[in-house]
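Sending over a structure as structure tokens; questions will come in a sec.
As written, the chain order gives the labels A, B, C and D, with residue 1 at the start of each chain.
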Amino acid sequence: MSFPLLTATAALPALGAIATAAVPAARRTAAKWLALLVSLATLGLAVAVLVRFDPDYVGPKGNFYQLTESHSWIADFGVRYELGVDGIGVALIALTALLIPFVILAGWHDADPLETRSSRWRPTQGFFALILAVEAMVILSFEATDVFLFYIFFEAMLIPMYFLIGGFGDRAHKDGEEVASTQRSYAAVKFLLYNLAGGLIMLAAVIGFYVVAGHFSLQTIAEDGLPDMATSTERWLFLGFFFAFAVKAPLWPLHTWLPNAMGEATAPVAVLITAVVDKVGTFAMLRFCLQLFPEASKWATPVILVLALISIIYGALLAVGQRDIKRLVAYASISHFGFIIMGIFAMTSQGQSGATLYMVNHGISTAALMLVAGFLISRRGSRLIADYGGVQKVAPVLAGTFLIGSLATLSLPGLAPFVSEFLVLVGTFTRYPVIGIIATFGIVLAALYTLVLYQRTMTGPVKPEVSAMPDLRVRELVVVTPLIALLIFLGVFPKPLTDIVNPAVKQTMSDVQKKDPQPEVEAAK
Amino acid sequence: MENLIALLVVAPLLGAAVLLCGGRRLDAVGHWIGTVLAAASFVIGAILFADMLGKGAEEREMTQHLFSWVPVEGFQADVAFQLDQLSMTFVLLISGVGSLIHVYSIGYMEHDERRRRFFGYLNLFLAAMLLLVLADNYLLLYVGWEGVGLASYLLIGFWQHKPSAATAAKKAFLVNRVGDMGLSIAIMLMFAWFGTFAFGPVLEATGETSEGKLTAIGLMLLLAACGKSAQVPLQSWLGDAMEGPTPVSALIHAATMVTAGVYLIVRSGAIFNGAPDAQLAVTVVGAVTLLFGAIVGCAKDDIKKALAGSTMSQIGYMILAAGLGPIGYVFAIMHLVTHGFFKAGLFLGAGSVMHGMNDEVDMRKYGGLRKYMPVTFVTFGLGYLAIIGFPGLSGFFSKDKIIEAAFAKGGTEGWILGGVALLGAAITAYYMTRVMLMTFFGEERWRHAPTPSPAEPSVEPAAETHGEHAEPHPHESPSSMTIPMIVLAFGSVFAGAFFGIGDRFIHWLEPVTGHAHGHPPVSALTVTLSTVAVMVIGVGLAYAQYGRRPVPVVAPRGSLLTRAARRDLLQDDFNHVVLVRGGEHLTRSLVYVDHTLVDGVVNGTAASMGGLSGRLRRLQNGFARSYAVSMFGGAAVLIAATLLMRAV
Amino acid sequence: MNPVNYLYLAALLFTIGASGVLIRRNAIVVFMCVELMLNACNLALVAFSRMHGNLDGQIIAFFTMVVAAAEVVVGLAIIVSLFRSRHSASVDDASLMKL
Amino acid sequence: MTDLAAYTTSTGEAFQFWVLGTIAVIGALCTVFMKKAVHSALCLAGTMIILAVFYLANGAYFLGIVQVVVYTGAIMMLFLFVVMLVGVTAADSLKETIKGQRWLALLCGLGFGILLYAGIGNASLNEFNGLGQANAGGNVEGLAALIFTKYVFAFELTGALLITAAVGAMVLTHRERTERAKTQREMAEERVREGKQLPPLPAPGVYARHNAVDIAGLLPDGTASELTVIKTLRERGQIRDVSNEAINDLKALEQRAEERLGREEEATK
């Protein structure tokens, strides 16, 4: 029994959350630093996981999960505390552990007590403790190889997110006086209800799966193969799982909670939602829907692909129509999640590798764009695009970083998202040409909404309100620069990532018994 | 020697990185760094060129494999370069003209406090463009392809405080994106059918696939070319792109970037050879754009927009030639190079004129400038003679060849295309003469004209430093600007002769593109003579209209065609009505739908649930007796159940 | 005559008592109806014991009586205190369970 | 009674059953449908006595006696006491307040009865052996033997239950005065402090045409004041309201006065 690395990776932020919450109210700064250090230490552990991880490892009896830990938990129902990672999980754990420090750093002052009396005091400790709690749960749900264990954290995640969204919003300024947003609690409740609804349906499916299989363990399945179940049963269970993940992802038409949540939450929390928490949904589609119910997945593929396609075009079009910066980014994310889901269900190795890369890249790019947008908003105190203009002349660095974030969002070649998006498109195209071609319209629309956003906010004559706007501060530069560097590096040299992901994807492909369509002309290589 | 290839790209890329991340402390030396690095890549290109000349015609191609870019099951994209004669030609053109324009910009942008960033963008452009022509597979080419798009976006919108500039930049990028869509679909098709998208394998595999598939790929590539090279129907962005600083217009929107489409088609020649329909489409697009651009060029009073129109039509020539297949490839590239020289020269000339005239761009407020800026006059004049195809100058050789090739296509197509090309030549001569006369001859209309005209709000910092917006004082530009113009003038005078005489250029490119000698229905001599003839006619017309009579300062209303041409033949209006308006309506209605329908369904279910529970609540009226009734009924039901059980 | 008739009679009385519980509003009368139901049960029990020829049925009936007595005592006490607090013996007035 | 072991009973018993059974049913129905609680109680008592007779007829002598003594003698009297306490004459209307309650009740009762009959009907009740040997040693002894041997535990429990019930009843009903009674002065001060009804309550029948105890006196504006009737009557709701008549009389009086005045005015003209 070696050192339980995975448990440690998840336990550290959990303990950190408790410690942070325990810091006395007066010592606010101490709490911040504590949270930051914990998140950095977690990042260190995640790096350790990356190092210990061997892409081409195949365990005994074809159990491809690594760094496994397994203890009996609720023996009566065969629920086990069972952890293990494959390439996809490792990539996403790394992404999560990487983003959280930036989120904390970006939200450094978001939870400070307000100077004006107009709004209630918001406990700083709670903010950072909740963020760490979310990190712990997300990491655990990436590690869990026991369906029930996964379900627990998949649901528990909602609680801290609910408080983060409902408790800490933008500090909207109206003629100098701070006013609390009325929409915020609505957004938080909406977020909770949508995800709970999905979760409940999933719970039924989880129990159903136990009835069929007699256990919850993915590792057992990896070793002994799937339990045989009737086609109809498999399809029902698949739908139960998929619904929950589609809400979380979010897939059209279950998306409407995201714009509210991202619009009302502070930028760091919005990043937490779209870049970290939602990834659990898409990840779970790969891990559970495809591996537990391969036949049903293939059965549902056409419908899901069409929905994903709708998400892509629809999200992009709505992003064009937005007047609120953060909602715009939210709809852009919906469009991108459409790409991810499309790549997953295209059932080609390009598509699925692309989708996995896409999860990572979208996490980074959205974080970059959203955080810079957050800095911008915190300066002017308004989320409306119309309130900005000519920022580029006042704060060139801010504008530059914002532009790079936008270019990443429209997946410009040379930046990370391009690789994944193109892989997804190619992977889809080889099996479903029409859908692939329609999806390419998405890249034109992406260019439209990002560039319109940049033009309206950054260029043109300087608005008097923004004329005194300061450029990025050191703390903010520290947040943005590494993200941009990462975007460029992964865009030019994504090989390290693909090396980790490819074997896992190959495994998934074999689980669903799908082969890539072969080109009819075998060109001279 | 191969290892040098990467340096071609790396040098300017390094420059861009340094300049853009360097911050203000580099403002003093920024432009020098940029220029030196651009020149460096030219020098490397020259070295490689010399080395290439040393080898035999067949083993001149060299490749460099850097690293594996995106390795996924069956999908192998590498970062690898391929340098053959075709790429070499472009490398020299790009880095050469590019360096010259760097030098020119030192003077031109002197008064702009963001000059450092300007040079950073220029370097970025060079890097992307070189990557485009050096890539050995379509995906890497795509990177360069969008990279130049980005650079052009940044440079067109360089004066971002001008809303017009920002809009033009966005427009350019979007229209290009439509073309890029074509390119990416083409790549997907290649991957789906050939399992690869590297030049070599794909072009070999063309022999084994059906003509239909080749046609599909060809049309997608054509769409891409249209976007990048401003061909109908995606040409609308080029005119607005003139919002950028003039050096940008010269480098990107005249000499290099806009010709990328031609490169793409010539590079994919094997595909087009296998798909006659696609070729026909290419020629048609080329011919139409040729006339379109020429007509627009006749109507514009803005000197840069007039030149932009001519660029469009000249690229139309190239596309037309490229569409003709092996007969035309070489001439397309040849015209591309010569055009690179004289059009860049013309733009630099225009820039120098504007520099001397407080950035006035309306030719109706010029006139008689030849005594004030002699150097500009001479160089501009030589470029003018070159472009109208004055015998002996470079334009003459390249354009004449294309017209020949067009006739050589044979059949009615041949006649039509040839005729169009001839007509184009005539119109070219007409509008260029018009520009020439309005600018450098005639009375000095600027003396009374207050500048800048309200139509063109001159908010360039350069203009502000010129101080009072009173009567301009035309003056010759500094040497840093004139020298590049002189060099380019040399090029535009002698390049054509150097290439054309003895088919040097054909022998140079033949190994790559292949070449077939066409047989025009009429003798080459006839074609040449007629070309000269129509040229003379065009000049004569223009002289009759603008040389004899004085030019009105305020543009006359003009005929219907003229007014349409002034509005880019209503292309923008069409786009606005169909795309922009329609798009706005679509998005607005969608936002509404999302809020009411998609969201409403969910909220509706929630509300109905509430109502239902409200009704159920009524049953709980709190009266013990009604509870007793239900209990009693329950008991009865139980008994009934047991009886039934015993019955069955 | 077949002694089963006693059972029929018991059933009839029981039903009448039950309906009474449901219909009447006066708590005291409701109580009486409950007593009626209990008595009907007793009658049935006694008849059964006669049929089966052992005394267990009577024992149960006996216990029923005792429990009934206890129930009546407590029930009436409740009624009295209820009447004291709200000056009414109607069961409908004690409808505080309504939301 | 040793020859009871037969499928049919003696004709005497049959006759008794049919006569008394009918009366019992009638009594039960009256219990349910009598307007006044007292009547219901009496009818119920009658039914119970008839049941006692049936017990005797069924060989349950002890139970028969107990039924008469305990049930009819004790419990029903307890009922009557409570009825007194709550008010004999308080007749509650049989009018239904809850919508559909009555129909539901009757439906349920009917269905229930039918079902019971069906149940008894197809129950296999063919073996019939009288209490001959069971009662051989005397019915009471037989019961005692069972109670104190087989059912002793249940017996103890019921004893405990009875005691608890008795105590409970006391707790619920009996209110012991813990503090000393207020003196008149204290009450007066209290009244002043609370500022309600300082003078003594008005006497009943004041300003009214009657002066009976159960008629509320009228306030100067002619409305009846419940305070003038004693508490018990008030709580039984036995107040006769004559305020309207009084007010009408007042109106008539005024009208007559006006008429007379009107006539005098004409006379002055």
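Convention: a residue touches a chain if its C-beta (ideal position, glycine included) is under 8 Å from a C-beta of that chain, and two chains touch if they have at least 3 such contacts.
The chain list, named the UniProt way, goes like this: A = NADH-quinone oxidoreductase subunit M; B = NADH-quinone oxidoreductase subunit L; C = NADH-quinone oxidoreductase subunit K; D = NADH-quinone oxidoreductase subunit J.
For clarity, every value in this text was computed on a predicted model and none was experimentally measured.
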- Can you figure out the chain closest to the middle, judged by Cα centres? A
- Give, as an integer number of Å, the spacing between the C-alpha centres of subunit D and subunit A. 72
- Taking each chain's centre as the mean position of its Cα atoms, how many Å separate subunit B from subunit D? 103
- Intercentroid distance (Cα basis), subunit C paired with subunit B, Å: 99
- Distance between chain centroids, defined by C-alpha means - subunit A, subunit C (Å): 67
- Residue numbers in subunit C touching two or more further chains are 18, 22, 25, 92
- Item | Multi-chain contact sites of subunit B, meaning residues that touch two or more partners | 621, 623, 625, 629, 632
- Hey, which chains are touching each other here? A-B, B-C, B-D, C-D
- In the complex, the residues of subunit C that touch subunit D are 1-9, 11-20, 22-26, 28-29, 31-33, 35-36, 39, 42-43, 46-47, 49-56, 58-59, 61-63, 65-74, 76-81, 83, 87, 89-90, 92
- Message: Under the definition above, what is the set of subunit A residues touching subunit B in their complex?
- Response: 193-194, 252-253, 255-256, 314, 317-318, 320-322, 349-350, 353-354, 390, 392-393, 400, 407, 412-414, 418-419, 422-423, 425-426, 429-430, 433, 436-437, 440-441, 443-444, 447-448, 451-452, 455, 458-462, 492-495, 498-499, 502, 505-506, 516-525
- Note on the structure: Residue positions on subunit D within touch of subunit B in the complex are 98, 101, 104-105, 108-109, 111-112, 115-116, 118-119, 122
- Message: Quick check on the complex: what are the subunit B residues that touch subunit A?
- Response: 20, 67-75, 79, 139, 142-143, 145-147, 150, 153, 157, 160-161, 163, 165-167, 169-170, 173-174, 177-178, 180-181, 184-185, 187-189, 191-196, 200-202, 204-205, 208-209, 583, 586-588, 590-591, 594, 598-599, 601-602, 606
- Given the complex, residues on subunit D that touch subunit C span 4-5, 7-9, 11, 13-14, 17, 21, 24-25, 28-29, 31-32, 34, 37, 40-41, 44, 47-48, 51, 54-55, 58-60, 62-63, 66-67, 70-71, 74-75, 78-79, 82-83, 85-86, 90, 92, 94, 96-98, 101-102, 104-106, 108-110, 112-113, 116-117, 120, 125, 127-135, 139, 142-143, 146-147, 151, 154, 158, 161-162, 164-166, 168-170, 172-173, 235, 237
